[in-house]
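In the two assemblies presented below, chain A is common to both, partnered first by chain B and then by chain C.
Now for the complex of A and B:
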């Protein structure tokens, strides 16, 4: 047994070392470094990766991913793609932005994209942040909330009031709801904490006690508590950023839709822009005009209220044409 | 030659079960990779594990940068492994390395940022010291509770891990948040960073880690304190009859353990990460337990175990890029190593190990934490 194992291992290693190093193809080499976690997280990592694969296919290139398990590995994971002479490197999440910025400065010939990374000036010519028009996504979520509320009272729980994307989501939500039901009252609470599900749950319970029957969470981990409270009280919940019906299975039973960033489109289009127009820089906002934001498919409603889908389509088209501004 | 053999024999008899466990873990993980390859786009590939392991090896040792990455990843695991190992020697199972690591990393980050403009020779040692002391203080708490009240260190350290993460999240958000960043984090550490000795990232902390291995070995083998630690671990009652102070030794060992874990956090902060932010994961904390078990709590064993785990971390990116084998395979291998260590009967059967069974004290501590002895009050043993 022992000898057999040893022989197998030796033969295998030689075979691998001699021949099986994969071919690189002729097109662009595109690498993705994930945020901490898994590749199939039904959230930022997974959809950014799908977009990178789509983008690679569209430009005739190849895509590979490195999954990050520890914050200490960000630098090394980016560097690995640099060493392997990749043409485009996409990184996911704000925690990795410092290391991405440094890598972009050190490697001006490589294009870097940062998903959900706002890059402060001065921005290197080869580094583009992929951002999203949260107000538009929030507006669509608001249309859903305004349509499905029975009590005429809806609520939103925000993470922090000093984080612009959070505030934009909620302002858009408020205006979207009022656009379909002008009498709706919107309770808004910022719990000033992204990591406190208990505070989110408490805040949601207070609102539910006041008659609120639709709750929108824009509060990270705190928001998980908001959705839990919604589920327990059998009222409607609305998720944020990704389709949380998929990413938060515990609360799937009460999530109607999510104000969604279309990460898959954003990374795919970034790669295409680079292929077509060369180096990309600045902070690029994905919005309705490039299908960068939207409302996730309507779930848990049977039947879907009449006209809801049309209203969403209409609003999306109006935002595309510029006729509709979610925050006037 | 014969004399060499004679000298190596005791070492080998200690090392053979861990070494065989590693070999067996690789073999079983290979089967997993082959089977799962059938479900991927590229299709069934019986040679895939060999390609993956070859790239893993090449990534970890195939270039100067690879070796540097291995050493950089191994350094905090050496400190962390020593932290768990010295606890096991005294019969204590410190699961709190994760929390002590975070506290040490945070203290080093804040001190380093405060001294960012000071010369490295001032800022770096003070930041290291702050990290070590913070970890020691955080290790002292469960040590004192165990010694004074008998509160089981497994329970208290697990609780304190969560307490550390949440407390530090609050501290970064509301006390020391640096302006100019879109997310909460501490300021740059500037000059307080550990100097780079060679290449891109081979920092001074690696030298500290290797030095720590030999210092702890010296303490355990050559000093009265080390003798007391080992005696308390082997039999607290006998230690008391012999005039030792098990209560004092227990508290002191947990404090030393916390100090080492805090230093692990400090070198990771000052050598690699550079800032503290909520969401920093302490995979080092739990990998350290595996490193200590694989190294059988022996400082030299821990040195090699940390190098192996560091090599896994350093080689994984190349394996993912070139063979698309997911990084989770590494987790499988690491888990299997520990499984086979614990169930060493399997290893002995497969490899026909005839050497007499040696009692692994550390495993007895780990498994006995719950099964044997009096369960801590308030829990179902």
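Now for the complex of A and C:
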């Protein structure tokens, strides 16, 4: 009987530890260390991983992913790839940047890419931060929100207030909305948790009770609850990072647009740059000028409000030319 | 400005009055946000209350179950999977209803496993529960990756909540209280009913008396002809079925989607609610509601910030502290209450008949 118990326990342990996904191909070995959470988060981890897979395919390499379960595991997860002599290591998220920087310094022969990581000087020659101009994407989402709100009250739910990209999205959103309707009020809540859909839902419910009729979520899984609440109350939702109309079919009915980072392109192109030109360094910004950010196609609005598309195009062009700064 | 002048002229008096005034402002603020606070408490407390009920039923009969977290997660997954697989052929309503049935059945089946391990085989109850948690995380994560993620489509959606008629919801004072219990989905509303039934059954029926006897002194119960094994099996299975309902709540009523590890520690907080409630259904419901209230407060503070001096003071506290509030309260309460609350005497001890030890 004890043996049976042991077998059961072992099965459980093995299943829980199955964080490594086998890739395909041969040549360059490319590893991805995710942010806390899961690979199929329908957002950051998933699309960075897709880009890594695309990149591996494009350069004829193999791709592996390690899913980080706890903030304390970042270091050892990176080290796993180092020990296995990987050529390229991509790490995802702002929170993992310190450990990535240390690993890059210690292993100059390995190329590191950090999605959403700003690297302060001096930057190692083998470490490139893949940044996004979130404020620009947020600004475009804000234009949409400011245009479609009927009550003049819009809301945003953020994952954490100490993660600059989250804050930038929301600042851009606020300014974008005010650019089309100066009287709009924006209520903002930082839940301080990326993995609590119930708290996201409760936040959204409260905002809706206050008359908010457009909700922008920048909160990972917490944000799934926000969009859910928006759907239940039949108000508008705006997604983040990827086109959530496609990635969150459960909430597709109320998602109007998403403030997008083109994550999949960013990791794929980084890997290609490395293959073509060798070691990559510095902070590489994906923004309006290189189609690194944008707003997803407008959904669920029939007809699309007059002039909305023009306003978005105009703002994008002004951001490209540098005339428009989403956060002055 | 006025305050600054007064403080300059009569600093001592201002300092003395500052605290009571802030407290008063806080009370006024609490009343002002009540209509926003009350309706979201129950939805935050539901999975905790149901999980705690599972804990109470099991532990009252002498079986500790720290696998509530895992059981919820498994039920949440299989309930969602049912809705996911069946909402096209059967339609949303039927798929959701079947999803709930499957979630409860998943819970009950895992309860059967837990009962077998802990009652028949007399395995260590903590180890059995831990195994449940670890296995649930792996199994659901694996199947999610295998079946649901690649399909790229959603589940059956969510069970629509009831909406209180506006005439009632807008009643002063009474409206928010009604909304707290009635402007909710069916599973959230069933919590109150289940708790009341369990409370009555545990303390007013033969089944309840037997449960308590088995949990306090199984040998004595055995000698008067109560089947200790049967009683424990029954309680664990029913309790875990209720934990399964908590899982169904997460995927089929609250979020409408499944995410790996989405129970996020709720099964363990439910155990804290059991202890807080001194192993009674009503008490543990109160514990869950308290936790829900603290969570809701952490949200309201940001969404409806206070004004004036109180607002300034509250804004200086980082939002992380508000998010941590429920956990801080749990620690404080457990530290204060546990000393006075005693578990059932035979809680956690496997029972062996004479001569079979």
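Here is the rule we go by: the second predicted complex is superposed on the first by the 189 of 328 C-alpha atoms of A that agree within 3 Å, B and C clash if a C-alpha of one lies under 4 Å from a C-alpha of the other, contacts with A are read in each partner's own complex, and residues count from 1 in each chain.
As a convention for this text, contacts are C-beta pairs under 8 Å (C-beta built on N, C-alpha and C of every residue); 3 or more make two chains touch, one makes a residue touch a chain.
In this text, all values refer to a predicted model and were calculated from it rather than measured experimentally.
Once the two complexes are overlaid on the shared chain, A:195 sits against chain B and chain C alike. In the superposition on chain A, A:36 makes contact with chain B only, not with chain C. Contacts of A:185 after superposition: neither chain B nor chain C is touched.
In the superposition on chain A, contact is made by A:98 with chain B only, not with chain C.
By the touch criterion stated above, A:207 is placed in contact with chain C alone, chain B being left untouched. Touch criterion met: A:84 reaches chain B, while chain C stays clear of it.
Judged by the touch definition given at the top, the superposed model places A:300 against neither chain B nor chain C.
Residues 1, 5, 9, 12-13, 15-17, 38-39, 193, 195 of chain A lie in contact with chain B in one complex and with chain C in the other. By the touch criterion stated above, chain C contacts chain A in their complex at residues 35-36, 39-40, 43-44, 47, 117, 121, 123, 127-128, 131, 134-139, 141-142, 144-145, 149, 152-155, 157-158, 160-161, 250, 254-257, 259-262, 264, 295-296, 298-300, 302-304, 318-320, 322-323. Interface of chain B with chain A (complex): residues 23, 26-27, 47, 49-51, 53-55, 57-59, 65, 69, 72-73, 76, 166, 169, 173, 180, 182-183, 200-201, 268, 272-275, 277-281, 283-284, 313-314, 316-318, 320-324, 326-328, 350-352.
On the side of chain A, the complex with chain C involves touching residues 1, 5, 8-9, 11-18, 37-41, 155, 161, 187-193, 195-199, 201-203, 205-207, 209-210, 221, 224-225, 228, 232, 246, 248-252. Contact residues on chain A toward chain B in their complex (touch as defined above): 1-2, 5, 9, 12-13, 15-17, 20-22, 31, 36, 38-39, 64-67, 69-73, 75-77, 79-81, 83-84, 94-95, 97-98, 117-118, 120, 193, 195.
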